[in-house]
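What follows is a set of structures for review.
Heads up, the next two complexes both have chain A, just with different partners, chain B and then chain C.
This part shows the complex of A and B:
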């Protein structure tokens, strides 16, 4: 089975452990959300997987092969980095051309088509692009390369709401037409929650959660209703967040709900992923 | 290893710089022709010196950007190392060929001596177009250019790998050693004759100590190339992306 196996990966920068003994698998044809606060170790992990930096200990295997300095294994993984590693003076169309050289299956027509959809001028040089368009050209390359594992590090950085929406639609469309493993590292949890199947939460260089979104969200629920009714209902429960608006109140609660015990006037919904994330990573 | 694409990228990178360089050289030559018409007793020589400087600077500029581009495209450091070494030969070969042809053409139009002829001309019959002189000059140039390009490349990796402190220390320490410390040592320890010995050693490795032998510098460049290749490999294998 095709997968990326991360075994006991640790990474030390000076006196700081950015990653501590990470064990993780990215399975075939799944969309993962890699979530964590700033400095949690998400980019470090993605950079180690793609051989951009070296782990202090542990190993990464791609389809069973050790990924360190292994062109064959690395050819199956593409990382869209948050930072730009393309030459600043190069035009986007030249970058597409070189992507085709390095990945012979690079879909040039698809890339050009996406550039039109996003309104990206491919005759511009990298240094002439805004933050948003800098993310867009990297997104286009990531969606056009024929690899099994696509890692996206902050893909929507600087994108406006329209472009973010377009990106998520194209990502799903691309995945449906060409199923592969996609890992999205992002801060925009609410937006990504409708796209990802599995969630990995990193905190202080350690894996805090690694399960399906469904499984994670089934660990709690949210309730909405009048402030008095909600206050009454949540008494004695493990509440992770509360929001009030006028006389209405919403609360996120951890634990199982007995649907027969729900008072009238209270609406029960799925747990809010972002609120759960904040609660899990706040302490 | 995706050597073919990696090599193609590295050569493409050098193509434009080479084009600009030879446009400058030919412009300079036209200027020299005009000067010679105005001052017929004057002459020119050794444009290959400019080629050595150019190829050294090309080497200095060839690591950082290519390294990032290759890692972005999932190309390993091994492939980067091999393709970098392989790319040196066609670039150095092309320049050596151009410079050899130029030397023949220039010497027919103006009073001109190639760099090789200046150094080792004494060991040949006095005919600039002598085939042996041209062939050995070509061989000398290709070896010299390869060694200098690799030297620039190694220095660029070394600087990429070093942090700010060591960078400053090396940047000040190396010239400081050769320009200040070494002359002081030489002045104070007259018995050792350190500068004279260094100069003798340079003449020896350039084949100019006892007569003129152009195969000495060719062998020297070969040894330097092998040593620098080893250093380059060691420096590349643990290089990481810096933000």
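This part shows the complex of A and C:
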């Protein structure tokens, strides 16, 4: 029963349908990747789930309860928003304190510990933080609240490589110690591709893919070799993309490959989530 | 130990092979405890389910065993088991690749053999 169910959600902004008829479930104790290009509707969806904006139609149910204007249901969901909704003049220390007021189970020791790990000065005010540290203090709060569903909208925005590395490690550790549902919306696909279990790709307000990463990647393969050899090899196959580089050619093919039937001079590789994403979401 | 995300093989297979390598090299001794799935997934930054899948292959093959509430340990005889399996895979994993690359480079059988011989003698020096 512990899940978020999104049923027939649509959202219209003026003449534009930001989301149209989205059906989606976030199941218990799974890490999801919510991927889509800029403006695809990711943030809109996360904001609708957490009742920050209203859907034009459809409903969201959290653990079976309708989530609209329902604090009882929504206390199980935490959204780390890409935007900053915290008062600019407030110190991080005070925000931690207020988080504890709103979420009594907020783990203050853990939050302070993470602040040290990230090198975040909790005596600074929100307005004094760089883009990276603005993300970091929100990440820390999200990881410290004891809720069942954590939605992270662009958590690594502005983070340097070291901090991103630290974030992914902490996220996995946190998830193992306290299993729950985590949804990560991000553009850094390569980095999350091994962290997430399921992937949801949104394009133009519709769901393009919703399956396990492993399943998705096992549906195809990529081949590289001389243009002539590749052209010959891919004839009659379901090709989703081709790239030429001088006389070299790379192609992504859907379907199973017969490993005994690979002609000489052709190199076979597994599909790469990021490349696949680019192909699927190109206009 | 590292995972090559460009590698064609699934990550969970690489995890299990990495642990096997560590057992073969003596980094993980028989009857000693190995890192938990949490440590593995944090270390590689991979989904815990993937780490678990990699570990479970080894459990199924009797290379490691789980002690409830304590952790995972290398089985007695694991080194021998892994060695036997790897020997069987040697032809498929190395010889086939070697000969296909050799054909590409038009290296003769004799040239390959002398390279292998010099490889062995270098190792000894």
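To be clear about the criterion, the second predicted complex is superposed on the first by the 246 of 283 C-alpha atoms of A that agree within 3 Å, B and C clash if a C-alpha of one lies under 4 Å from a C-alpha of the other, contacts with A are read in each partner's own complex, and residues count from 1 in each chain.
Everything that follows uses one rule, which is that contacts are C-beta pairs under 8 Å (C-beta built on N, C-alpha and C of every residue); 3 or more make two chains touch, one makes a residue touch a chain.
Given the structure is predicted, the values throughout are model-derived calculations rather than measurements.
After superposition onto chain A, the modelled positions of chain B and chain C are compatible, with room for both.
By the touch criterion stated above, A:214 is placed in contact with chain C alone, chain B being left untouched. Look at A:103: by the touch rule set out above, it reaches chain B but stays clear of chain C. In the superposed pair of complexes, A:197 makes contact with chain C only, with no contact to chain B. Contact with chain C, but none with chain B, is seen for A:269 once the two complexes are overlaid on the shared chain. In the superposition on chain A, contact is made by A:50 with chain B only, not with chain C.
Once chain A of one complex is fitted onto chain A of the other, the partner contacts of A:81 are limited to chain B, with no touch recorded for chain C. In the superposition on chain A, A:125 makes contact with neither chain B nor chain C. For the three-chain arrangement built by superposition, the Cα-centre angle with chain A at its corner and chain B and chain C at its ends equals 150°, in steps of 10. Within the superposed three-chain model, A:187 lies out of touch with both chain B and chain C [touch as defined at top].
Distance between chain B and chain C in the overlay is 28 Å (nearest C-alpha pair, rounded to whole angstrom). Counting contacts as defined above, no chain A residue meets chain B in one complex and chain C in the other. Of all the residues in chain C, the ones that touch chain A in their complex are 3, 5-11, 37-38, 41-42, 44-50, 100, 103-104.
On chain A, the positions that touch chain C within their shared complex are 31, 165, 168-169, 172-173, 175-177, 190, 193-197, 214, 264-265, 268-270. Those residues of chain B whose C-beta lies close enough to touch chain A in the complex are 1-2, 5, 8-9, 65, 68-69, 71-79, 237-238, 240-241, 243.
By the touch criterion stated above, chain A contacts chain B in their complex at residues 47, 50-54, 69-71, 74-75, 77-79, 81, 83, 85-87, 98-99, 101-103, 147.
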